[in-house]
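By letter and in written order, the chains are A, B, C and D; residue numbering begins at 1 in each of them.
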Amino acid sequence: MDKLRRILRSTGFVNASSSVLAILVGLVFGFVIMLISNPAQAIQGFGIILKGGFSGGARGIGQTLYYAIPIIMTGLSVGFAFKTGLFNIGASGQFTVGAFTAIFIGIKLNSLPAPLHWIIALLGAMLAGGLWALIPGLFKAYLNVNEVISSIMMNYIGLFAVNYAIKHPALKTAPTIFDTTMNLTSNTAPTSILPKSFLSYLFPGSTVNIGIIIAILIAVFMYFVLNKTTFGYELKACGYNKHASQYAGISEKRSIVLSMVIAGALSGLGGGLVYLSGPNGRRYKVLDLLLADGFAGIPVALLGLNNPLGIIFAGIFIAFITIGGEYLQSLDFVVEIIDIITAAIIFFSAFALVFRGFIQKMLKAEELAVSLDDNHSSLRRQNSGKETGGEK
Amino acid sequence: MGTIYFLVQQMMTFSIPLLIVALGGLFSERSGVVNIALEGIMIIGGFSSILFINFMQKMGVFDGQLLLICAVLIAVISGGAFSLLHAYAAINMNADQTISGTALNTFAPAFAIYGARMIQPSNVQQITFNNTFRIASVPLLGDIPIIGNLLFKQAYITTYIGFAILIAATILLYKTRFGLRLRACGEHPQAADSVGVNVYKMRYFGVLISGMLAGLGGLVFVVPTSTNFNATVAGYGFLGIAVLIFGQWKPIRIFIASLFFGLMKTISSSYSGISLLLQLGINSYIYKMVPYIATLIVLAFTSKRSQAPRALGQPYDHGGR
Amino acid sequence: AKPAPKGYEIALITDLGTIDDKSFNQGAWEGVVAYAKANNKTHKYYQPTEQSNDAYLAQIALAVENGAKIIVTPGFLFEVPIYIAQDEFPNVSFILLDGNPNDGDWSAGAPTFKTNKNVVGVTYAEHESGYLAGYAAVKDGYTQLGFMGGMAVPAVVRFGYGFVQGINDAAKDLGVDAKLMYHYTGGFDATPEAQNLAASWYNAGTEVIFACGGAVGFSVFAAAEAAGKKSIGVDVDQSGESETIITSSTKSLAPGVELLISQFYAGKFPGGENLVLDASNDSVGLPMETSRFKTFSQADYDALYAKLKAKEFAIFTDATAENAAGLPVTNVQLTVVE
Amino acid sequence: MDYVIEMLGITKSFPGILANDNITLQLKKGEIHALLGENGAGKSTLMSVLFGLYKPELGIIKKSGVEVIIKNPNDANELGIGMVHQHFKLVHNFTVLQNIILGVETTVRGFLEMEAARKKVIALSEQYGLKVDPDALVENITVGMQQRVEILKMLYRDNEILIFDEPTAVLTPQEIEDLMAIMRDLTKEGKSILFITHKLNEIKAVADRCTVLRKGKCIGTINVQDTTKEEMSEMMVGRRIDLTLDKGEANAGEPVLEVRNLVTASREHGRKPLKDISFTVRRGEIVCIAGIDGNGQSELAYAVTGLMQIDGGQVLINGQDVSKKSIRARNLSGLAHIPEDRHKHGLILDYTLEDNLILKQYFNPEYQKHGLRLLPKIHSYAEGLIERFDIRSGQGAITLTRSMSGGNQQKAIVAREIDYNPDILIAVQPTRGLDVGAIEYIHKQLIAQRNSGKAILLISLELDEVMNISDRILVIYEGSIVGEFNPKDITVQELGLYMAGSKAREVNHG
């Protein structure tokens, strides 16, 4: 009983339940929109959304996990930077250069054997993403350039640089990267493709591969770094209060640069994971448009309260209802209803303070009374202390 | 000379929407509220005003400059109304301003597509319009040598609205009671409060004006460059934020920043029509990167001292100290 | 149990674009709608969540689950998914536009092609259509032209190469030299950048631009209107979109799709075939009734079309050269903007 | 009686503290009425109530005999009440003129009317000798001039009742003289002034009457003419609380902290320059820097601990020059620091209590191995400190620090820094906001440290504290050390005179 109470009182639980409350309110909001726009099918449609990835059976669940991979990674990237006091709006560019590097290695270094090939490709993606974020990091730490604007610039530079590189004559030698007939990058070598491993038995017919395992492991690792290492402790300290960190002897510049680089590496790895999914997965399209995956990371991070473990769930949840949206096409609904619901959920999660207060009230009605009492008695004690002090 | 006229005329298609949107952001941020929702608000403004133009043109009610001016009003009203969601979350609920801004950015394109599909009889997401708004040459003014060619040919009324907003914003911010109070709220809300300024109210106005201008920016962005609206403003809301920061939260510097950025964009996208640049034989992707790289370089030299409003992003708590 | 819907017999799945792109997808969808409305059939379109073979297959599966009997898939990106789906759903018929089913494995130099009885692969001779537009434009008196493609996908490239040759041939006939600016914008969206690019060409003297990339056209039309210059539309008759459009380089999307669907219901589905729709079966061309030519007449057009039909000469295709700059032209001063 | 303002039975509490307890204050028309009391006595709170910033739980306010309700500063303004806040409320990037008119702007056809305002400001500034440049940016002018701006703000609004909250704390002696003259002029105009200060001779110089607060209670109101400074200070401090510690004789050993000719310039707004400060703290002694708020104490602490750059001189720890060393290096060479601003420097409010308790030691091999934090060890270490220092909180070591009361936050910092076992502990107002018991405990800890051979530099505003636990007292005034005393040889009253700058004595270093 006491243990239960402790769990109920923990901030983690209160935060999570306020997110759940935001999700509920967001879903209700979505339902209302559905009722207004198409009352006849609203209930059935809402059912499909709630069923989400389950609608497609094992395959659907597999696809849910597959779609969760990039948004978990960019969500981690954005969330990690937030934790350390930085707004990484440059996940898109980092994701893109990561994707390119993975594809490049996946195609060009085709003499490498299987596990080594994709591992190197992923490491390359991380490195590229990290380097891409290094610039805003250095600019912020040493030149006081707002990281928001420099990351926005780096998004576009990354996009164009990658498209330039893909089409560059120097890379035309076989095996070529660019499939001119499709305006896509070529398929990467089979040795570079992430194995599906046991997941192909669990989720037959699905694209999901060990990328999801890697993403989850990385999230757990980030949780670990943030919460269990001195390094994470320093980074978070700078994010929460740079003056106090300075007071404690932590170098702020170093923290800024490192956090940006790590955030970039996470996005870059996301790009690598997605584009090494084999012939049935995505291929990079040479299009002058910022990749949405980077921006999709922002709501995922916020919904996950910037907590790496929360981001796993937020990513899977968003993927889950996105698949629900896909199935919603069986009815006369527009898939964008899913984005509307997501937006509503995020909007209501901004009311976390209110929700938290509400939940705390619900949970600790009796404890609150106790603590109030405590307050009063301490007030009394202090006053009486003063009086005795005065009379002596 | 012709090339210069052309570049200046074209520059407006980039600079004016960026200017208007960044000035919008200026009002919100000067009041102390971060507004990353500019992108979303632009989409809502573009959506509702283009839908309005589409309806009016289809029903043949009226057209031309009068229609554009009415559309401007629609864009302003819808953008302003939409931004109130952000204001409510940020000001009344003391919410994290990034979260509510992100929510609006997620909502807007989805709503624009959903709305277009639900409202339009054709069920399509694009909203088309006929561009009957271009002014080949402004009467009288267009005949002025040089200036006429630079500013009064192949122009849109929205360009002049953009300039008017720049002037109005500068005056409003620096020459009126409202501006003085608004700026005080973004720098030191406790000081403003102590002399009887209602910080909550001023911040509401700040966000509202930013919504109105960003909504207008959505319309101004679409009209000269396309003949339909497809639920996107191609990241120009985020670029507007970049211009705002680049301009260090000051109207004139924002104007310069938007001209700089617009010029860079114009050169990068129209170099193939300029024989001098075309002959250099540089790949178009390099040109595409130029505006962003140039901005980074300029920032590196100008950011030593940030002029961000001191209370930016901090929820104001009356009675706190 | 969910109330079994009647289902949707005719399905169309887009490759990430929407059905209202005013060109390719929309043309195909109009064919579906035209048949379905006339024959009172249920119909529906689906949009995949991402661009990948699995996502396309998922939509195919969803369409089948919803009762699709015939599925139209516009876009060469469906080549591999249809290759797989034709075996997976033997009782469903597929119309693949712009491609032929294959396994997408180019490692041996070329993929394995296979078209089952339940599939028709349709490709268009876009180069013929582009040729007509280029030829007609030069004959009509334009000597400074531009080609602005969207992404460099095969169909767009074919339109472009044909356009180049059409210009070249007409210029040769007239004994003039034509100028051509040639560029792919890298996207299918209307953007200020695209508008600006078109405007810069017009400003530098270009008289007419062939806008060959979905919504990119809207930017070109906007620039043409501003500059008082001309443009050429693509895929479908776009004359209604702008007064500046002198003609459109079309391929018969809607009629072709409608025809194939009606053949399917009539039990005459040409399954197993890979059709090439070209001038010989009147599937490409210029809509002369709505064209705004000054001198180029219906008679001129008919004469040219007859030659094309008779295949009197070969036209550049995407196989001719990897890059437009490599096209063998004689009377065109070709500037390829990379 | 002709009272312009009467505050009757005002009671105002904050969580855990009764800041004003049934206070009555009556202000006569045309008088200068001083408000005297120690730090935290409730003076600012009472004035904030009058100015509409706080709403009292009990009590009423009368203006010229009529009960009024003051809900916000606007109401106060309308009643002719103006206030110069202890912490100036000026917008840094506004001009002087803009700051003055903010809130009461006049407009012509919608535009700000600056010319008439400028004329009025210039006229006022001439009339009262308040020299300001109306077009200077506030961030570029001196603190003294900023205060003149605050005064002009009130005059501009034609306020009749003027509240000055510790106006002299930040002024130079000459500026103080000027201010006194201005205040007298103002009362001649019929304005009434409420004047908060810690400096008795200022009260003697200008005030007619004086109300004394102690720990939130009103002790009484006296006529300044009829009361000596000593009497007033006794009213303020009260009889000595029985906190006398039997600390025994200091047993000063070799020097640990040596500060030599330390100089800093005032770069930032509100920073006091330090002028050639030298002193030494030895093992086994507690040296106390006494002084009135804002005479350079904070800057001294920042300079010694490395939070602020110095412009000249040296800081030595154990004989090693650390003036160019990083903060981490200084800490490692044996320096601990209880910072003045606990929210800015002392704590990471979004960290748990245990994470804050480990803030200076998280990298020690004892609490991490290969970069992995040894959480159980950290936890038990924190629990130990919590137990020993009686740090109270909702969930013990895992409480979010933000949710803790200020006093317990302070205890956490003190525990952390004392347990750091430093050679030299810089304690800046270590007992701020603590209750009597806790103060006593911390004092005992400090003395225990000293007895075990540590050096302690205590910077405090509380005279009691200074007198009770220091072995030597250095008085700081205007960025210079103006006197050195043995607490046994000096009375509180006398010390106060040095602190207020009315006395100075040669200092013999260390």
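Following the convention adopted for this analysis, contacts are C-beta pairs under 8 Å (C-beta built on N, C-alpha and C of every residue); 3 or more make two chains touch, one makes a residue touch a chain.
Model, not experiment: these values are computed from the prediction.
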item	value
Of B-D and A-B, pair with higher C-beta contact tally	A-B
Averaged-CA centre spacing for the pair subunit D and subunit C, given as whole angstrom	77
Approximate Å spacing (C-alpha centroids) for the pair subunit A, subunit B	29
Averaged-CA centre spacing for the pair subunit D and subunit B, given as whole angstrom	46
Distance from subunit C to subunit A - Cα centre to Cα centre, in angstrom	39
Numbers and ranges of subunit C residues touching at least 2 other chains	189, 193
Sequence positions of subunit B contacting 2 or more other chains	234, 283, 288
Residues of subunit A touching at least two other chains	163, 288-289
Arrangement of touching chains [line / ring / star / complete / other]	other
In contact (per the touch rule at the top): chain pairs	A-B, A-C, A-D, B-C, B-D
Subunit D-facing residues of subunit B, complex	171, 175-177, 180-181, 183-184, 187-188, 190-197, 310, 319
Residues of subunit D that touch subunit A when the two form their complex	13, 15-18, 21, 214-217, 238-239, 241-242, 305, 307, 326-329, 331, 337, 339, 344-351, 355, 359-360, 362-363, 368, 371-373, 375, 394-395, 400, 435-437
Residues of subunit A defined as touching subunit B within the complex	33, 37, 87, 89, 135, 139, 143-146, 148-150, 152-154, 156-157, 160-161, 163-164, 167, 288-290, 295, 298-299, 302, 334, 336-340, 342-344, 346-347, 349-354
Residues of subunit A that touch subunit C when the two form their complex	44, 47, 56, 59, 63, 66-67, 163, 180-183, 186-187, 206-207, 277, 279-283, 285-289, 322-323, 325-327, 329-330, 335
Subunit B partner contacts - residues on subunit D that touch it in the complex	51, 53-54, 72-74, 77, 83, 85, 89-94, 98-99, 101-105, 107, 110-112, 153
